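What follows is chain A paired twice: with chain B in the first complex and chain C in the second.
On to the complex of A and B.
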């Protein structure tokens, strides 16, 4: 046993053995040795299941179908996703949540800017507005079910404000408003979290900049536009991307409050229904893959969009316009040079 | 320096190997050991079972331990034993329970059998926990048989006797039978109808119970016109209460106990209008019409199931379409329990009314118990069935053969027990449900909710909805290759 090992060792020492003892080889060995645990975990619990899901999306199967009875159907599940009107119809609901997400971000940014300056009871307000994020999503669902019930909390409050309860819509029954009701719940819950993130980012801005700006006579809006927003653009971009992808995969509110019934079934709710009630696992997997592609595309588009919007802030020492002008000048100079050369 | 580095590499390599090896070996041994143990228990249990069943079969007459031969009050009166029972009725543990609770049942039992001690444990999550108890191999002497495969019944429970003999003793003997042996005696039996408030109905001037959809809608209208009560409460938001409507499309609407499990999958356009106020069409039409004519609650999206019980009890609701299991809960939900009653579903087939009836949980006796415990358990089960009045008190249908005592006002209604699916076709309904996405009697709540939405918004006619369902059903038959025979 040891004899063969020694022999093998001798043989490999010539090529691989020497390389592995070299600095490069040792580096690689250490990297591999330390990476193997997290990589194994990642592959076993994330990429392998994901691969299985992609595989399932090409089969017609239920959860309990034994492996040999699963039927390969090719692209049929994907074709069904695009043909069925409930799948893509549900994606339209994401538009409600996207609008909600934008309102939520603007609101959060506004409150964060105000609260990051000296405000009386600022911490109290921060806590108050962050609180909904700490409540369990299921509990929020039940709170709002009662909140929106006819003649209960919301109607009573509006009645105090002078609305005639007779003229108020049914918040969850009326299909013209029920999605907005759910979106409002979502905004109520997540806006505090966004706000805290923004406050954190704003805090990191150097206070001397404000002072300098005030000395120069800038008003609050100018300070916000010229100092705060460019300084926290990374966190703004991140929050917007997260909110938009989040609104594509909205699930909790419609699932808990309305069970996805009455025209509030978002893509995820429909997917859950298809997978668990109707047991069309293949179709649901295909839906998941399609959604993933859509989210990828959205994220990419947003990245490009923000690259364009923040083009001024991106360049460190010269503005976008200046850079453009410089490039243009350089180009013209090069052209002139070239022409000169040709002439010569 | 170099040595150190080598050492570090070796160490880290060892650690990773150690960790991964540890993980894999542990999981593999665990897997194999549990596999082995479950195998052995299964084997042991099945061998036990075969012994027991052969014992029961051979000793049935000599030993006397068979349900049919057991004479209550004469046999085993001096038997001293302690047995346990595990069941789902947590409410009956409480002293505040509106009906007769476990304590008083046991007190009555001990008057006759003072030496048999029965210890009862109840559980809110019974269906799951009971399976865990069974799988552990260490379970109570008497259990309410949970969802185990019929072929496994004999590994867990002793036989009460053969099917033919048991049929002379109890109704629904088929419920937990396998291979000609009966392993469970139903604790009670339920049927499908409508739970209603008698006072609301009489206040509205209704004297006779409705027998056709037309009468029923007229009655609901009368309740709306003459009382303040909500005529019919849909419980839309709870979801499962909507799926409950599927239970009426079989025996109740057609009067054929082979329809639900055998014929439906082979029927072309099962949701079509048969034009005689029967079949699934008539059942769902009642709901559509009631909603369309605003005979249900105002805002159906925010209904509250727990609250609906007391509302019915207090006469704020006229009726709800739910199985008879709900009847005792409605009675117990307030002070006016005597106002609550249960009526057959308002569909008449050729002049006769039918109702689907089925067994509730059945008592099973632990096959691994000692002979004394088995005997004591058998005595208790037979006493519960024949002398305790349990199924009557719990508003169920009688389980003892020939008994007619029940609180359900189902005079002139024929009870039908659904026949099981034909051999080889057991999976057909599941396949059809999955493919058509209608999920009949299988959590298809959203389709019934949609009926309500369309009826309330008036954006789709009932016939169009049924047309869609028919198409989904027919397409599913084609995809699954199921023959269309009816």
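On to the complex of A and C.
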């Protein structure tokens, strides 16, 4: 790309040609050349659709409706979102997923604490628990339809444990349990990934701290409370907040396992049906916009939370911070030395 | 990240207190318990995939198959769902998306981290904001755009769209690029290199670990993506691996021995890649998460 530009520069011996070959001109050239594709993609597939979404939310229309036949309905779609039982009511299901997400976090933290220290077969268990994250959504749907079918896997295992198979509910049909079944699937799928994150965070804590604590006779719980939790609290809090927005937009499990039947339709499952099955594009857009506003609000709160809560909390464990800073400085110095060696 | 892997925390096994022993028992009990639940759904699937139709109907779902070498279900699932074609499609999509994402992403990261210009921070914030928009919600209107471009039911349309919705790898590149000292660029400029040469000959080779990480994360995402693939690639010949499983919905809805075989075929490549590069995947997950 730069080659043709240079040729152009040679041909025109004007001021522009000289400027384009100067440092500044080159800089501008490379900035434009390197950003044009990603920015075009970003605008075409993210911001333009976003604008369209806001616009469509004020119209009554289908995908195929020509522009002049669209009917402007003002705020009607938004009013419908809050009025219709199937729309806003579906957000209540998010509570199930929030509870599930919290259980998942606690479980992930617990397993991460175990697996960060030496245990037999630790890597094997880590892989076992992480692997579900790599299975595609539709396969998960089939696996769990099979798992929960009456008299199949889950019932068989419960029968081994002494439950009477006759008394067990239909896991995906019975409205008392089916949302919990789906939430369990979500936990099954994502908890390993959460755990790997936490293991990464725990491992990045200076190992000497653990050794010192053990020499001092601290037990596992004390170590967890005094060293592990404070040093990974940022990532834990971040995950708690992410799990809230994640629960609001829960989609995959109900979509692939029950397709929203029997009262399992979360907000996005309903939105998907309204958009692509009943083709009420305006209403679906209004639904999307409402949820996006909620998600933005949550993210904003998160930013504020981090800004004010963690600034105060960080001063408490000054000594730990100071130690970390010292180690970091040492490492940087070592690295610099190494680099010098390479260059020389 | 590499230093992190080496410092596996050592636990001195010196003396066993009653509390310590109790903890060890609890530790292994929970590992076995959660390990069991992690593996059971997949295990039952594997067991069922090796059973023939009669065996599947007559035995308990958790009973082991009589013949562990009965691959007929796999063969049948592979042909009914046209998975050969689906593998090819998935492969094409993945290669194209990865190549474009890496080139475009590293270039963007280079420009954003190395040059100060008005709008730099705005562009970064635009990407941050884009990462908040849930993809499912966006498809309501992206679908409209895709059809007006005549991108629906074309592999290239799906590929272009997948390249456009790439935020995490850009974050990884920016983060990594910021850790590469600018003195490297400066000395190259003194030696007479132009910006393209700095990017192509100096920074891109140094970015290799970040490229591997981004490729793994993005690759897993693209390989498993099914919602957009289902929306935009409805033609039977355009199914990707994930959507080819949809063939089993409907007429074959209850032949789980066949379905399970299909499911296993679909995640086998992911399993192999996972076994081969566990370390990169783990560290990739960790890096991808601390983007904020």
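Rule of thumb we're sticking to: the second predicted complex is superposed on the first by the 258 of 344 C-alpha atoms of A that agree within 3 Å, B and C clash if a C-alpha of one lies under 4 Å from a C-alpha of the other, contacts with A are read in each partner's own complex, and residues count from 1 in each chain.
By definition in this document, a contact is a pair of C-beta atoms (placed from the backbone, for glycine too) under 8 Å apart; a residue touches a chain by one contact, two chains touch by 3 or more.
Everything quoted here is computed from the prediction, not taken from an experiment.
By the touch criterion stated above, A:150 is placed in contact with chain B alone, chain C being left untouched. Using the contact criterion defined above for the overlaid structures, shared-chain residue A:79 touches neither chain B nor chain C, since it reaches no partner. Touch criterion met: A:263 reaches chain B, while chain C stays clear of it.
When the shared chain is aligned, chain B comes close enough to touch A:280, but chain C does not. In the superposition on chain A, A:30 contacts both chain B and chain C. With both complexes superposed, C is the one of chain B and chain C in contact with more chain A residues. When the shared chain is aligned, chain C comes close enough to touch A:132, but chain B does not.
By the touch criterion defined above, A:142 lies against chain C but remains apart from chain B after alignment on the C-alpha atoms of chain A. By the document's definition of touching, of the two partners only chain C reaches A:188; chain B does not. Once both structures are placed on chain A, chain A residues 26, 30, 34, 37, 146, 152 are touched by chain B and, in the other complex, by chain C. Listing the residues of chain A that touch chain B in their complex gives 26, 29-30, 33-34, 36-37, 40, 62, 145-146, 148-150, 152, 170, 172-173, 175, 178, 258-263, 265, 273-274, 277-280. Per the touch definition, chain A reaches chain C in the complex via residues 2, 26-27, 30-31, 34-35, 37-39, 41-42, 44-50, 52-53, 56, 63, 107, 110-111, 114, 116-121, 123, 125, 127-132, 134-139, 142-144, 146-147, 151-153, 156-157, 188, 192-193, 196-197, 199-201, 203-204, 207, 210-211, 214, 219-220, 235, 238, 245, 249, 251, 255-256, 268, 271-272, 275-276, 281, 284-285, 288, 291-292, 295-296, 299, 331.
Contact residues on chain B toward chain A in their complex (touch as defined above): 5, 8-9, 12-13, 16, 19-20, 236-237, 239, 298-302, 433-434, 437, 439, 442-446, 449-450, 453, 456-457. Those residues of chain C lying in contact with chain A across their complex are 3-5, 7-12, 19-20, 23, 27-28, 30-31, 34-35, 37-42, 44-45, 48, 60-62, 104-105, 107-108, 110-111, 115, 117, 123, 126-127, 130, 132-134, 136-145, 147, 160-161, 163-165, 170, 194-196, 199, 220, 223-227, 231, 241-243, 245-246, 248, 256, 259-260, 262-263, 266-267, 270-271, 274-275, 278, 282-283, 285-286, 289-290, 292.
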